[in-house]
Structure formats: structure tokens, C-alpha cells
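In what comes next, subunit A is part of two complexes: it sits with subunit B in the first one and with subunit C in the second one.
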Partner chain A sequence: MTKGQTEMFEYVIATFFIVLIIIFVMFMLASYQNDQLKLEADKFKDQRTEQLLKRVLSSPLLAKEDSVLDDGKLIAALSLCDDMKDFFGEKWYAVIAVLDSSGKTVRCKEDEYSTDCNTWVLCEENLEAKIKLEESKKLEETAYTVPLNVARKLGWVMRRGTATRAEPAIIEVWVYG
Partner chain B sequence: MVNGVKRSSGQANIVMMVLVLFLVFGMFIFLLMMLQKPPESPLDNMYAHNMLLSIMRSDTGYPEEKCKTVADAVACAFFEPYYKCGDSVECARVADNRIADLLGKYSGYKQNNIYYIEASPEGRVVSWMGSAVEIKRGDQSAKTSTQKSTAEQKIQKLFQGEPYTVKVKLYMADARKTAK
Partner chain C sequence: MIITFQMWKIVLGLVISGFLIVFAVNYIGGYTAQQNDVLRAKILNTFELACYNVYNTGNSMVFDDFTKVPSDISFSTTEQKIKIAGLGSRDIKVPVFFSVGDKMVIWRGEQDLGWWKFRYVVAIPETEIVFSVGSSPNALETMEGIVKALPDTTNFKNKVAYAFCNGNKIDNGCGTAKQCEAKALLDVLSSGNAPRSSKCTADIGKNQRLVTISMSCTNGMPGVCIEPQGPASGKARLEGSETVFVYGDYADLAALIAGYNKKDAYGVLGEAMYAHKNAEMAMELGVAAKIMAKRAELLASGLTGIAGSGKMDADADEMACVKLFQELSAFLDGVASSLGKGVDAAAGYMERAGEKKREIVEKGCDYD
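Up next, the complex of A and B:
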């Protein structure tokens, strides 16, 4: 092998490694950038869910006071999804469950007040739309869970209004799209 | 001729070494960025804060004012420990049992989390049966965990015309990241 060939061979090898290194660095940077974009998108969805949760917990439509939902208002809200969309936006639904000792899930029904039920699903029609999206595999969703209280009426009236009992409960808010 | 070949080969080696060093340094910085501690989630704080609020506001099952909610029973336990809810159970026991019951319920919901609640009075300590009342419930390793969320609430009550405060703290941690 002549000197020229040797030099050429070294340059080819060196160039090959340099290109390899550049490709590797580009790949690393691209994957890092991709992760950052995904993080930003997740952050945006998280923020929307968090804001929705805060608004549901403090809205006079549902709450008796901050983080205490009224069971009477929850019953009324079961049939008011369209109105709630104006307040809270589209593509969400919420499940509120009282943590009672029965351990059973008894769904509350529209326009039928009962203290025997323990679970309310707000905007159930959105839940059905979500299931359709799930089937078509076009669904990305975030869910947040937070403890709260549900004020349940005890059935007798006191001087300051109807007597209530604050039950521990949990709310799951789902945002999808 | 021979010297020329050796020099160019040496230069190529040096260039390669510099590039490799550059690459290693870059990877080190990249890994260091990946290992950065994630910021504390605002949702964990919101969860802890709401959980403490929910526990304190929950009813105990006793109708009288001093024992109606867990917060009432906790304040009663520190300032009137001799008082009996429903003429049968001391406030401290009512508060303790209800807190344990509610912690159990919430633990069942998020099974990876551990919780610890402690309450302490500010400004006035009443002893009962020879010792000061203590309300501490849950897994104490949540308090010592390095990655925990903390929520605090102050219960203010009037006792003999004077305002007194009880400080209640909830510590929440992920059991998987907590050394026992």
C-alpha cells in the first residue's frame, strides 16, 4: 500500500467515525427533543385537568362550600351536562364516589333523590363518546383523583337549614381527546 | 516519507481521541440532565391538602357540637379531654378511631401511598390521666421520607372564652420510594 493510499484509508476511517458520531449525537438530541415535546403536551393536559378539577370543586353549581359537594346539586347535575359544558368545557367526565362502609357501588339516578346511592357520574354522555374513541384507538386521556366531602341530607330540618352529614368521598376527573 | 505517514496517523489518532472525549463529555452532560430530580407535583400537594381537609370535615357519627366532625373531636381531645362523646367515648378515642378509619379508606384507594397524621396543640396543653393527649396515626416513615407531600391545617376553637389552636399535619409519601 502506498503512502497516499494509507492516508486516504485513514481519512475514510476517520470520516466514517466522525459521521457515525454526528449521527449518534443527532439521534440523542432528536430523542431528547421528542421527550421534551411529549412532556410539554402532557403538562398542558395535566394543567387542563387540574384547572377543571379545581373549578368543579369550587363551583356553586355543585359545591356547598369549597371541596364539599352537595348531594342534591349532584343529583340535579346528572341531567345538566350541556349546561356544565358551558362552564367546564368539552370532553370530560367525572365520577364522584362516597367512601362508605358498604364497599358497593350504587349509582345515583337523575331526578331521584336517595341517600342509599353513593356514586354520581357527571356528563355520562361524554363517557360514552370516550368509549367510542377508545374503540377507534384515537384516545389520549388524563385522570386526576382528589379526596373531598359530599354533604348528605339527613332528612330533618334544623334552625339553620337541613341537617347534613359530611361523608368522605373521592372525585376522579377524566379529560380526553 | 515514513515520518510523514507517522505524523498523519498520529494526528488522526489525536482527532479521534478528542472526538471520543467530546462524545463522552456530551453523554455525561446528557445523563446528568436526565437524572435531575423531578419537581414536586402540584397535584400531590393538592391531593394531600384535600385529603386532610376531607378527613377533618368528615362527620364522626356523634351529633353533639364537640364531637360532630373529626376537627371538633381533635380540638375537644386536646382542650377538654375529659369530655365524652355520646356520654360514652372520650373525644381523643373518637378522633383517633375515625382518623384511622378514614386513612384506611383512602389507603385502599391509592395503595402505593403511605400516610401519617399528627396533631399538636399550640399554647395550651391539658393533661389527661397523667399524660398529655397525643394524636398520631399512620405510617411514620411517610414523615421521614425525602420525597413527601405535606399538608397542614389549623383548627381554631374557643375554650373558656379564649381562642386556642390545634395544628394538624398530614405527610404523604410513595411507599416504593420510602426506605423502611
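Up next, the complex of A and C:
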């Protein structure tokens, strides 16, 4: 190999490594950016779930006051999932359970006012859709659970009338997609 | 040999450097644009979350992230979505009346219908609302309604202030040296000493919005022109739009003033905000009417059931609530079924439902 050829070869090798480094940096930057975007999307999804929870807890549609849900409204909402989707958005469901000493789950029924039941599932149709997504392994979900109170409008019954009774409960809001 | 090799080196060096430079410039250009898009998307996310926060909590806030990157935000009325050029859209699930600017105020307003409170968010940049008031008998009341429907920025860094246009002059709305904000102006208006103003010929600045209250508004008038025809009702016109806007509450006017005459890819923003308000309100009223009607019906049947079981005396005072709940339920059913023909078609039912709800609260049958 002549001296010229050796120098040429060195030159080509050096260029090759420089290009390699540039490509590596490019990949690093692209991957960093992708991670950032994914992180941002996850954070945003979490924040949306949190906002949905806040909205459910504060909206006069279901609440008597902030963090106190009205049992009459909850029962009314059981059969109106499509309307609830219009109001709160798609792909979510919520489970509200009164914390009582019995530990038994008694689901509240549509169209029947009762203070004997202790669990309301809002948008159960969405829960079914979620299970299907779960089976197809295409599910990403976020959930929040917070304590609240449920106001039982006809909670105390006396001879001359009724009074509202507040009961401690928890709400789980799930957002999936 | 050496000369040939050196020539080769130079040529190859030039080709490779040229290639690298072009490549690097392209890549950096693309990367910068992408980073810019990421930043704009982040700002839009932050804006969306800020609107949700204000809507849910009622706590106002200032928002100045739009100063970081100029964002071309528009609103599509057909999709009811906020769009950012080249970055897709956001389906904000709460009513937001906005126009984008540097120093923005985000505030929650409320329209109380008696049986339902329609809440909305106003997000506008620092602004001075300039009233030009003609001889309309409802002018004072209309101004009061508008001021209450727009952000109260007392104790805020970014201000929504008020002024009156008098010919070619713009005077402070409160007649003081300080900026005239909502609370101060409402005091002035309630004292009945509102400054007189005449046809406005003054130049309206970039951070000012002209609101004319007149007996008759014509097409092509600057800013927003309002023609009150009664308490909280009338017609309005908007600069840049041919439409005559019929308003039935002050939230309609808040939407028009918030969007104002700003133009975006879909037309005049004020017009889009007005359509958005009415679409959101119709949807919300429909859902709320169904839930409240059903609740009233459930409570009526619940009370009847309790009395029937003997746990409560059949002549207990509360039994009077049964009839009231049934009547409220019927009015709300009327609201839900007539909303398909528009909010105006349901106005009669809504009024009666509001009255019935007030009666129910007064008689102690339910909470407000």
C-alpha cells in the first residue's frame, strides 16, 4: 500500500466515524424527544383524569355541593350514560361506594329510590367496552380514587318528615383509551 | 502522485463537508420546527388544563404562556374543537369563550336559571371594554349584565377594565385615574351616575374592544353592537359578520365580546364563540333537565313510598313536596323534549321550572 493510499484510507475511516457519531447523536435526540412526548402525553392523560374527577365532584349535575354527591342524581344518572358522555366526555366510568360497616355491596337500581343500596356504577356500558379493550391488550388506563360524601336526600325518616343524611364514600374514576 | 492525492482529498473533503452542512442545516431546521410544535402543543395542553381548573374550582387565573411561542389558535364550530395550526385539535369539554393574546385572564362565569347554573369560562387577553351608549332605555341594565358576565380582575395583574367613549374621546369608566374594573364600574352604574357617552369616533386601540349599546344596530358597525329589546334579551351585531345574533342571556354577549372581531381559519371568532355557547348550553340543559326531572320524580315516588310504608305520617308537611316535585319533573321533561327545537323553544318551560325550583327551596323541600 502506498503512503497516498494509506492516508486516503485513514481519511475515509475518519469521515465514516464522524458520520457515525452524527447519526448516533441524531438518534439520541430523536429518542429523547420521543420519550419527552410520551411523558408529556402520559402526564396530560393523568391530568385529564384528575380534571374529570374534579368535574364529577363539583358539577351540580351530580353534586349537592363540592365533594358531596346527591344520591337522587346518582340514581337518575344510572340510566343516562349517553347524556353523561355528552357532558363529561367519552371513555370513562365511575364507581361510587358508600363505606358502611356491612361490607356488602348492594348496587342501586335505575328508577328506584332507595337508601338501602350503597354502590352506584356510572356508565357501566363503558366498563364493558373497557373489558373488551383489555382482552385485546389495547388498553391504557388511568384511575383516581378519592373520598367524598354522598347526601341521602331521604336519609332520615321521622313521623313528620325526612332529613338528609351524609355518608362517607369513595369514588373511583377510570379513564381509558 | 502527491498532488493527485491532495486534489482528491480536497474534492472529497468539499463533497463530504457540503453534504454534512446541508444535512445538518436541514436536520437542525426540522428539529427546531418540531421543538416549536412540541412547545405549542404543551402550551395548548396547559391552556386546556387551566380552563378545566378554572371551570371546576371557580378560581380565576392569569395565563401568559402564549407569549413564549406565538400560536395560531382557531375554533371550529362544526367540530366544536379548539384547533392549533398543524397540530390537530382539542375537544374541550367545557364551554370556553376565548381569544388568544399575550397576558390572558381566565375566569368562570355563571348563568343562574333557577333549576340549573350554566357555567362557562372566559379566557381573554388584557382588555379595555369601551362602551358607547346611545339612548336605549335598557342600556344601564345591559351594561351591568355585560360587566357581570365578563372577568372581574380585581387584585389581578392582568386587567379587564372599562371605559366610555364620548365622541373622539375615551374616558375612564369610573371617572378616576385608576383603571376602572368590574366592581368599581358596577358601583358607578348602580349609583345611576354612569358617564354619558355619544357616537364613538375615537380610535379603538389593539387592546380595546368597542361595545355599542344602541336603539338600532346596522351592518358594518365597528366592534359589537347591541340592541336591547328587554331585560337580558335583544339582538347584536359583530364587526366582520353578516349574522344578526339573538341573545337570551348575558353569556351570549360575553361569548361575542370574548371572541370579538378576531379572524381565524374558520371566520370571525366572536361568531364561533356565540355558536359554541349555544351548542354547549343546549347540550348541558338537555342533560341537566333529564337528570333533574328524573331525580324529582324519584324523590316524589320515594316520599310516597315512605308515607305508604307507615314510617312517616301521611299528613306530614313534607307530603306537600310530592306534588311540587312532580310538577318540577313535568316542566323539566318539557325542557328536555323541546330543546331539540332550540334553546328559545324551551324558554317557557325553563322559566316555569326555575319558578317551581324556587318554590321547592322556599318550602324547604330541597336545597338550592
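Going forward, the second predicted complex is superposed on the first by the 144 of 177 C-alpha atoms of A that agree within 3 Å, B and C clash if a C-alpha of one lies under 4 Å from a C-alpha of the other, contacts with A are read in each partner's own complex, and residues count from 1 in each chain.
Here, contacts are C-beta pairs under 8 Å (C-beta built on N, C-alpha and C of every residue); 3 or more make two chains touch, one makes a residue touch a chain.
Computed from a predicted model, the values in this text were never measured in an experiment.
Shared-chain residue A:E7: touches subunit B and subunit C both.
In the superposition on chain A, contact of A:L37 is made with subunit C only, not with subunit B.
Of the two partner chains placed by superposition, only subunit C is touched by A:D111; subunit B is not.
In the superposed model, more residues of subunit A are touched by C than by the other of subunit B and subunit C.
By the touch criterion stated above, A:V68 is placed in contact with subunit B alone, subunit C being left untouched. When both complexes are overlaid on chain A, the residue A:A77 reaches subunit C alone and has no touch with subunit B. When the two complexes are overlaid on their common chain A, residue A:I170 makes contact with subunit B while staying clear of subunit C. Using the contact criterion defined above for the overlaid structures, shared-chain residue A:T145 touches subunit B, although it does not reach subunit C.
Taken together, the two complexes place residues 7, 11, 18, 54 of subunit A in contact with subunit B and also with subunit C. Those residues of subunit B that touch subunit A in the complex are listed here as 1, 4-5, 8-9, 12, 15-16, 19, 23, 26-27, 30, 33, 42-43, 46-47, 50-51, 53-55, 57-59, 69, 102, 105-106, 109-110. Those residues of subunit A lying in contact with subunit C across their complex are 2, 4, 7-8, 11, 15, 18-19, 22, 26, 29, 33, 36-37, 40, 44, 47-48, 51, 54-55, 58, 60-62, 64, 70, 72-73, 75-77, 79-80, 83-84, 86-89, 111-114, 153-154, 157-162, 164. Within the complex formed with subunit B, the residues of subunit A that make contact are 3, 6-7, 10-11, 13-14, 17-18, 21, 24-25, 28, 32, 46, 50, 53-54, 57, 67-68, 99, 144-149, 165-170.
By the touch criterion stated above, subunit C contacts subunit A in their complex at residues 1-2, 4-5, 8-9, 12, 16, 20, 23-24, 27, 31, 34-35, 38, 41-42, 45, 49, 52-53, 55-57, 91, 93-94, 116-117, 283-284, 286-288, 290-292, 294-295, 298-299, 301-303, 305-306, 311-313, 316-318, 366-367.
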